[in-house]
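Pasting a structure below so you can have a look.
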Amino acid sequence: MIIAVKQGANEEEIALFAEFLEKQGVKTNVSRGVLQTVIGLVGDTSAIDAEALSAHRLVEKVIRVQEPYKRANRKFHPDDTTISVMGADGIIRRIGGGFFAVMAGPCSVETPEQIADVAEQVKKAGALFLRGGAFKPRTSPYSFQGLGVDGLELLLQAKKTTGLPVVSELMDMGDLEFFGDVDIIQIGARNMQNFSMLKELGRLKKPVLLKRGYAATVTELLMAAEYIMAGGNDQVILCERGIRTFETYTRNTLDISAIPALKRQSHLPVVVDPSHAAGLSWMVEALSKAALAAGADGLIIEVHNNPEKALCDGEQSITPSAFASLMETLRQYAALENKIL
Amino acid sequence: MIIAVKQGANEEEIALFAEFLEKQGVKTNVSRGVLQTVIGLVGDTSAIDAEALSAHRLVEKVIRVQEPYKRANRKFHPDDTTISVMGADGIIRRIGGGFFAVMAGPCSVETPEQIADVAEQVKKAGALFLRGGAFKPRTSPYSFQGLGVDGLELLLQAKKTTGLPVVSELMDMGDLEFFGDVDIIQIGARNMQNFSMLKELGRLKKPVLLKRGYAATVTELLMAAEYIMAGGNDQVILCERGIRTFETYTRNTLDISAIPALKRQSHLPVVVDPSHAAGLSWMVEALSKAALAAGADGLIIEVHNNPEKALCDGEQSITPSAFASLMETLRQYAALENKIL
Amino acid sequence: MIIAVKQGANEEEIALFAEFLEKQGVKTNVSRGVLQTVIGLVGDTSAIDAEALSAHRLVEKVIRVQEPYKRANRKFHPDDTTISVMGADGIIRRIGGGFFAVMAGPCSVETPEQIADVAEQVKKAGALFLRGGAFKPRTSPYSFQGLGVDGLELLLQAKKTTGLPVVSELMDMGDLEFFGDVDIIQIGARNMQNFSMLKELGRLKKPVLLKRGYAATVTELLMAAEYIMAGGNDQVILCERGIRTFETYTRNTLDISAIPALKRQSHLPVVVDPSHAAGLSWMVEALSKAALAAGADGLIIEVHNNPEKALCDGEQSITPSAFASLMETLRQYAALENKIL
Amino acid sequence: MIIAVKQGANEEEIALFAEFLEKQGVKTNVSRGVLQTVIGLVGDTSAIDAEALSAHRLVEKVIRVQEPYKRANRKFHPDDTTISVMGADGIIRRIGGGFFAVMAGPCSVETPEQIADVAEQVKKAGALFLRGGAFKPRTSPYSFQGLGVDGLELLLQAKKTTGLPVVSELMDMGDLEFFGDVDIIQIGARNMQNFSMLKELGRLKKPVLLKRGYAATVTELLMAAEYIMAGGNDQVILCERGIRTFETYTRNTLDISAIPALKRQSHLPVVVDPSHAAGLSWMVEALSKAALAAGADGLIIEVHNNPEKALCDGEQSITPSAFASLMETLRQYAALENKIL
């Protein structure tokens, strides 16, 4: 961390300020220039609050050189993290570190037939995980809010039948008891900075799929992962799902650059959600291929056996047959990227 | 709600679709044009899921004419809502409906002396509410997270001493038990779409200060308020605190237009947080005056007796004397706006 | 300017790099720390290309401390700039430095009666300048593009009749010859970074009203002004007219913070265009008051005698009587701000 | 186009309004509902000004169903446009319609050796076009502005030597005379809505590479192309080069979804500029592959033989050897997409 000192500060003030900084556990290195004095902070600056420092009357600017996250940081963990999950069939599915995993299923679990049918078909097409929403975050209190516990039960039934591990969104830590058999807990974009929740997730022993908030920076996503990891849970899967911009053609703007950015800065697996990013089913294939080509470790895709009648987000769901065809295409791309799909 | 039907749909399909729509509790009105067929939905369309409809193969576009919120809507509640809160001194403070209220205090409660001192001074200057953070949402898990329950106690002590009602942020419904004597519960920007939380807040009998998410639209803020109101709690205060844009000179961009936009669409009081919006203490005065002039019903301002040593957000806090001077100025503006300050 | 050097760079490399930097006309000040070496650049760094430097293999980060503009910078010109324009009636109108000026008129000049009528009425209400578009930037090639030279003539006729100096947009330097009697040349948001045009404007001897690009930062607006000033034309009026964000309730988002930001960094007058910012006529009053309260030096407002029949932007125009009433209100606010209106 | 009429409008008013609309060359189709009256406009609505209509006192909302562009619209031109350019060697290069073309070269032409060397190397690696800037748009008036006409001459010399057709940016129509031998004229992001320029480009007989403004929507980019095409020049190549968002990790955010969006709506070729989008040389490869996978028709890439010493944008340039390796990779992806590279 580098602090540019305001013009006019005298020697004594600066010395006192440096002393104050050293009390926070770092070494300082003062460089006095004719017009500009600079203080370099050496050591672990991740606990130093750059914003608070900026308020000090001697400070012109504070510049972070070191990233503010540690456990999520590739510098301290150069190898890719691979997350392994065993399905009800005893088979282990992997994501990250060369393993490209596709998670697929309906936006929301609706009926036993629907989830069973979709599960069977996505498995056949090569999906490694079954996704399905039971608790649904909806902008309007008057919209369908998901089947809740009943939906989870249907999802877990499909897990038993197909063997596929399941992913489902947790919206309230109070519902955690129902997620015992859910294999990967999904945290939605709107809860990415629900810090109370992140702390509690740090105490779990199960993978968390952490979706990027739609106005969160790449660094903030990594800081959210750091919250979970700081609590002791290293199994975090990052998910890019589109950010909010001025463009309204797509529901959100898929930030394709976030993939290489996250992979460079962190060792955690990165998956992409092309369905929510665009909100347009016909765009899912193009974005899925692009995500793989840009270095993603997986995809989470909405598949519905009857998108027109879907109780939520039908506009962005593809059919099982479109999904099967997409998987065929992705296998060719995965081969080029030396990824196991 | 208006549905533009895709070209090529035949009479029978359209009739079946209209029937399907009517089952959702609205009347339909089909208008066949040479090139364009349009279906108008008449009745209460707030429960109709426009996005789900968009997935239907006959649908070209869905356009909402009616707002998707009801309880928060000025159309169904033309008069301004005034929220009244009695302090520990038995005096009632009002916000909305011609009453302009200023909430002031430190970003985070730090020591008994600090909160007592600030509380005394902001009261003297004319603040109607004391704000102070006990549970702090911080981007980094390694930053100071607030004093928690101890902080709340110090705040409540200051409430007793000064008589001022208090406002404090609730980050986790599990902490609600400690908020019994807190007069207004603040919900932070990052929890604006924590729908589980919003539903539980709907069951409370106390005012909620709901901050706009930093990437939430005005409509989404009103929908979040609708969640709380749909649960039975009508005492919602909306808070504009800056949105995230490409501009980095200020921490966020204060959306001054949101004030007239919210006041026109809703009867709920609107307050502005100039401290978090800009993140720059020297800008607080200009933005406070602008907010009042644009029609706001109040302000929530960070005041710290020693901004340089503040444990969080010092950069944006003003001193008690700057606050007193600001209040003087605001009184003149309030007079022009016929607001009681 | 401060350069954080990458870890692992050796003494010799750093010395050579410092030498290379000094050749660009600045002094360097190398501070070697255990983990971090920092080079401070002292002197006039406005010509140093921070981006180009960032590509150097020794560079971790480049941080500007000094602003990259000089002539527009308040540091080198502490007093407010006041721009004076004499009307056809021999009376001088002033803007900046305590003078608050309102420019008003139709989005586009349409007929002799329309411009004459509006001009007369806005003058009576207290406008100091008459605005009117002859060359119109339109998103669609099929929309009305303005009356061109004929429109300018009608505007200049109204100038003669009322005495008011006139403001009109120049879209193409090739049309400059027709602007001889136009008093202030307006450069639209879409041309803010038309650098060829900015350079040519630098050679003029007449005030330029420079609108902020709808995705330009405050710093980029000042750099655009610097282009004009570097050419020798110091008469630049900055105009905030809303930026593009994710919010769609208003056409653009008025960046109210840009007013204090610009006034602090620059000595140039700042005017606000509430009509284009919101795109909603009913919001013009609230935003105008807010702009004045936040420190603006003037306003540019669309007034049309028949907004419904306006050939462009009718939705955002107010009527002459609404304008007169707004001026009444603004006078009270100007008094509070000690501005001459 | 659909117009939702305000509640309370009477029959007669609506009839008069419909008449007024028909005078603008469309047929109307009025549908009176109990709560909502809707007017459908049938015919060519591209010349109807939706914004102006919105100001009418009878209008609640105006909704475009039909796109506002015609010549750029795939509906009226279902087949992909292929643009063919003959090099100095008599060989034709194609872009669009199954032909994937890579344009490569330095951000700015600096010396005869530099451009000759880069040109030779990118040709060898498989680039079909040589790009090089002579007139450079720079944010600061004090930055290197390009070699101008001398730079163009060096570029044209390299064209002769290698045979490659060349692409270079035109910033000022006054410089057009120097662009006689330039094969493709590039219009920068900052001039995308320089409507005077677009009109003049419509009179040229040569391909225009039109870069998307960094805050322009996909529709606005197509409208800008429409300006050129309406003038008679159909040879427009669209270029996605990143948009401005809140994310600062990359210089801009590459809008990967814009590729399928543009390809679906328009028949024009779409190229991607990964160098400017990210501003980070190490990210160029990932983004190039993603662009191809998402359906782009080409790439425009900055290549410099000594990025550290580049006079502009060195941070984003890759070396000739990195470029050669990238081309190898792209060939494999092009094969999967059935594109000729």
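First chain written, first letter: the chains are A, B, C and D, and each begins at residue 1.
As a convention for this text, a residue touches a chain if its C-beta (ideal position, glycine included) is under 8 Å from a C-beta of that chain, and two chains touch if they have at least 3 such contacts.
The model shown is predicted, which means the values in this text are computed figures rather than measured ones.
**Student:** For the pairs B-D and B-C, output the one whose chains share more C-beta pairs in contact.
**Tutor:** Result: the pair with more contacts is B-C.
**Student:** I'd like to know which pair from C-D, A-D or A-C copies the A-B interface, where a copy means over half of the contact pairs are the same by residue number.
**Tutor:** C-D
**Student:** Can you give the whole-Å distance between the Cα centres of chain B and chain D?
**Tutor:** 40
**Student:** Mind checking the centre-to-centre distance between chain B and chain C? Centres are C-alpha means, answer in whole Å.
**Tutor:** The answer is 32 Å.
**Student:** Among all residues of chain C, which ones touch two or more of the remaining chains?
**Tutor:** Correct list: 215, 244-246, 248.
**Student:** Using the touch definition up top, name the residues of chain B that touch chain A in the complex.
**Tutor:** 46-47, 49, 51-52, 54-57, 68-69, 137-144, 171-174, 190-191, 193-196, 198-199, 213-215, 220, 223, 226-227, 230-231, 244, 279, 281, 307-308, 310-317
**Student:** If you look only at chain C, which of its residues touch chain A in the complex?
**Tutor:** Listed in rising order, the residues are 2, 4, 27, 29, 31, 33-36, 38, 40, 42-43, 60-61, 63, 65, 215, 244-246, 248.
**Student:** Would you pull the chain A residues touching chain D in the complex into a rising list?
**Tutor:** 215, 217-219, 243, 245-250, 253-261, 264, 277-278, 282-283, 286-287, 289-295, 329, 332-333, 336
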